[in-house]
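Next, two complexes with subunit A in common: one pairs it with subunit B, the other with subunit C.
Our next item is the complex of A and B:
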């Protein structure tokens, strides 16, 4: 994957703990729990994707149903080419860490990402390197999002484990780390672990 | 020492000197691999501690898990929880410490402090065991292996015999094998001479084994250094035992004090016991013979009146004396006194085993053991006192082995019997006891507390365990260890001759290889030599 094809979105709202980004292509959303990054000079800020949505560009106007006479869903867009200009796909990134001088740090960066920063998909190698330490799990588990945080945590671990040579070892280690984090919240721990089927 | 060689089990999380130390098991240590009785070392900041695991438990940080534990298909959940939210802990009693300046020279010292938080806990390595219990050598006798370890556990026998000691355990747990091994050790290290009152004829020539062929006794292994005395020549001949002397007791050797000890077994009243003293005073050495003659004598009434003895009391006493006189090895007078013979052998450095043959009756055992011991002890005491006065070396220590010890040392008689005296007076006169019993709770508390080293096999009565541990610090911890010993081939040794308690598997006895090893004297190590020089 070259750099141009890994560039999928642009930051439209940013804060220290996370950002919102709009995809360049409608429906070209990164999967829930996948890792993305933004550049800040030489350094990078890594985040996990969540809360993806596709909606009208104008906040007050909801799209209407147009496919009654169409045979397929694709035909809806073919017959209404303006739709691609009136709709947007967005997602939220929750910051999990950053890199500085080519080294990963699993805590919040000193500054948030800049608006209009490009958002790239992380490569498998980057993900494997970043997740060598499981410290990122504390930021991941404390994220405040609209979706249940258990879902985000489980999705992220599933995604990252696929980037490791031995996914089951990684998942087992992550599970142990979660058990330490949720030492006094067994129901939550159980919910997440049951979503990490090996 | 390099701790990386040892297996790390966990880290210290809490504890106190009085209650023991609580350590949390590492997530990769299975709680099923930990057993009570294991020896561990704890590496503190400045010192190293030696201790024993005495309890293991399962804990959880969230009680919610107990309400909804992982179900059958939820293996991953269970594997994650294991060692994290649910974990094992072990209770460790620290006994020794090594590391401060003085202990580097003097070896491990009794513990007076505890390791700091998060100190790592390791399984004791072979080097640790050797450091604490010493290497096999001219003084250190190899008695077995600590549980689940291959290293040789040694006992300092010259130190062991300076106090009276006890071997306890339920019937069939291996007391006799342990005792036989200790006797061989004493013989081999030349720590003392043994006098064994062998009630069941297990030590001298041949010993029995459950579901296996008989094992060799002391005489078969060390023919030139052991002599077998017998009370029952016929039985010995039938068993083809080569005996050195047949013991007969003369009535004139029996003293009122010997009768007093038999009060219970002969069913004598208090008055009958005190009458024996009056008879002895009146009739002299041949008092038994004369008392028995009185019965058929017409003057009886007058004599009894003059002695102020009631007729019923007299009859009670006569019934008792008749029991003694019916014992086939007693006769009015014997030429060669058994006491002199035993002493002669003991003084020449020979170990004596007295077999009782068919006379397993407790009356015979108590009478003979008490009578011989009383005389031998007094002779030993004289010799020791004389040697002290003349500044000569004292006689060689004597270890008297008695079985069914509660018959001699129960609270009712311990005050009067010679065995009670020996147990209490300890090593002053170089005579000590090796007490073997299956009901230690029957032994007088004071005597039990005076026993130096105790070796105990499995005991399951609470009372027996309590009495074995009387006077021991960290009692509650050892309790669980004793109760959890295997029914066979496991024992716990603690007390004077060992720096800390240790559970062990006694060394093999009964195979051709084991006999060969017992026959060999261990090589004297250099360090032992150096120690001797100091």
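Our next item is the complex of A and C:
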């Protein structure tokens, strides 16, 4: 994947712990739990995706059903070419760490990403390298998002494990780390573990 | 205190019952109009009477057969619709900055195998005397006219047509296309006798008509139609023409024969109060259009030349709309078909109102908050340049409400 095709979105709202980004292409949303990055000079801020949505660009204008007389869903857009200009796909990035001088750190960066920063999909190598240490699970499990955190944690571990040569070993190690984190919250731990391919 | 609706509710109730009492009369008038529309008698004779009539109302000149209906043709596989709409911030006489703003929304929609769209808005600030004042050409003597209020509205219409002709130049050749604007093609606001001729010349001849002619020149293959769309029209041109069928006089002349006769008592008042849209709602089926009529508006007849305005009514399913077209569209059957079919399709796609116009409006609209932010920005730049930002005491009093 070249740099141009991995650039999928742009930051539209940013804070230390996370950001919101709008996709360049409608519906071109990264999967839940995938890893993305923004650049800050030579360094990078890594985040996990969640809370993806597609909605009207203008808060006061609600999309209405248009397909009653159309044969396919594609035909709805074919008959209404303006729709792609009036809708937006966006998602939230929860920061899991950052890089500095070519080293990954699994805690919050000193500054938030800049507004209008480009958002890139992380490569398999970057994901494998970043997740060599499981310390990122600390930020991941404490993330406050609109979706249940168990769903985000499980989706992220599933996504990252696929980037490792031995996904089962990675998942088992992540499961052990989660057991330490949720030592006093067994129901939550169980919910996550049930969502992992152990 | 604010508006006390309790105090006016009684008057509203009286208004509603008054209208309800008149409704049976209106049904009779509408039936009379429908009767004459379906059986107008000798059309050639009626056309002659219309040409000779001297009425105080605007008549519709019959270009075809009066009551023929037309079904839409099938949509072409690929086609384009372009549209513009505008909004303005008028000069605020209480503000130190003498300036105004026109915001134009432009829409390009391509349908068919390669659907595409473009939605843009373009604001323009007018602040120099050359932009804000109209004066006679070549230093000729004459009073200067400031472009504000209703004249700014007409200037906005000129800008809508300027952007529409720019969009038309970008159209892919070979595809049927419709250029659409909202409202009337007839600049009624320029009919005031108080306006000097150079104002009409500047806004009409060198403005709207120039751009309409530019669009016509792009229509080399009879593929590009131009039309304006009037939703819920109040016009009575066709009804007025039908009134002539019941006038007992050889040559209808309102001033000569009916001066002194109370309104409602004249022979032609059997159709009084009916508007064209009520007639065509009853006489057209869904998707049909009426025959084409020629507007007898003085400004259209005397100033529009080959762009003289014709019109027809169309039943979109949701309402009767009036569609105005220049002569070069009305006289080309291909362009008439394009106008009819594409307007219907636009209305179906736009929940009853042409989607291109709806989106053009959305792009152009200037809200109250936008207006406020605009003047805040002006104030900010004035302050940076150490210019006075003093407003009138009246304006300050409205902004800072106190007890």
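Before moving on, here are some points about what is shown:
As a convention for this text, the second predicted complex is superposed on the first by the 198 of 198 C-alpha atoms of A that agree within 3 Å, B and C clash if a C-alpha of one lies under 4 Å from a C-alpha of the other, contacts with A are read in each partner's own complex, and residues count from 1 in each chain.
Following the convention adopted for this analysis, a residue touches a chain if its C-beta (ideal position, glycine included) is under 8 Å from a C-beta of that chain, and two chains touch if they have at least 3 such contacts.
Computed from a predicted structure; not experimentally measured.
Three-chain overlay on subunit A, with subunit B and subunit C fitting side by side and no clash. By the touch criterion defined above, A:64 reaches subunit C but does not reach subunit B.
Seen from the CA centre of subunit A, the centres of subunit B and subunit C span an angle of about 160°, rounded to a multiple of 10.
Legend: residue contacts after superposition of the two complexes on their common chain; A:178 is shown touching subunit B, with no touch to subunit C. In the superposition on chain A, contact is made by A:78 with subunit C only, not with subunit B. In the superposition on chain A, A:53 makes contact with neither subunit B nor subunit C.
In the superposition on chain A, A:15 makes contact with neither subunit B nor subunit C. When both complexes are overlaid on chain A, the residue A:124 reaches neither subunit B nor subunit C.
Within the superposed three-chain model, A:86 lies in touch with subunit C and out of touch with subunit B [touch as defined at top].
In the superposed model, more residues of subunit A are touched by B than by the other of subunit B and subunit C.
Here the smallest spacing between CA atoms of subunit B and those of subunit C, following superposition, is 51 Å. Contact residues of subunit C toward subunit A in the complex are 107, 109-111, 115-119, 349, 351, 355, 359, 362.
Remark: subunit A residues 171-172, 175-176, 178-180, 182-187, 189-190, 193-194, 196-198 touch subunit B in the complex. Those residues of subunit B that touch subunit A in the complex are listed here as 27, 61-62, 64-65, 68, 74, 76-77, 79-81, 83-85.
By the touch rule above, subunit A contacts subunit C in their complex via residues 58, 61, 64, 77-82, 84-86.
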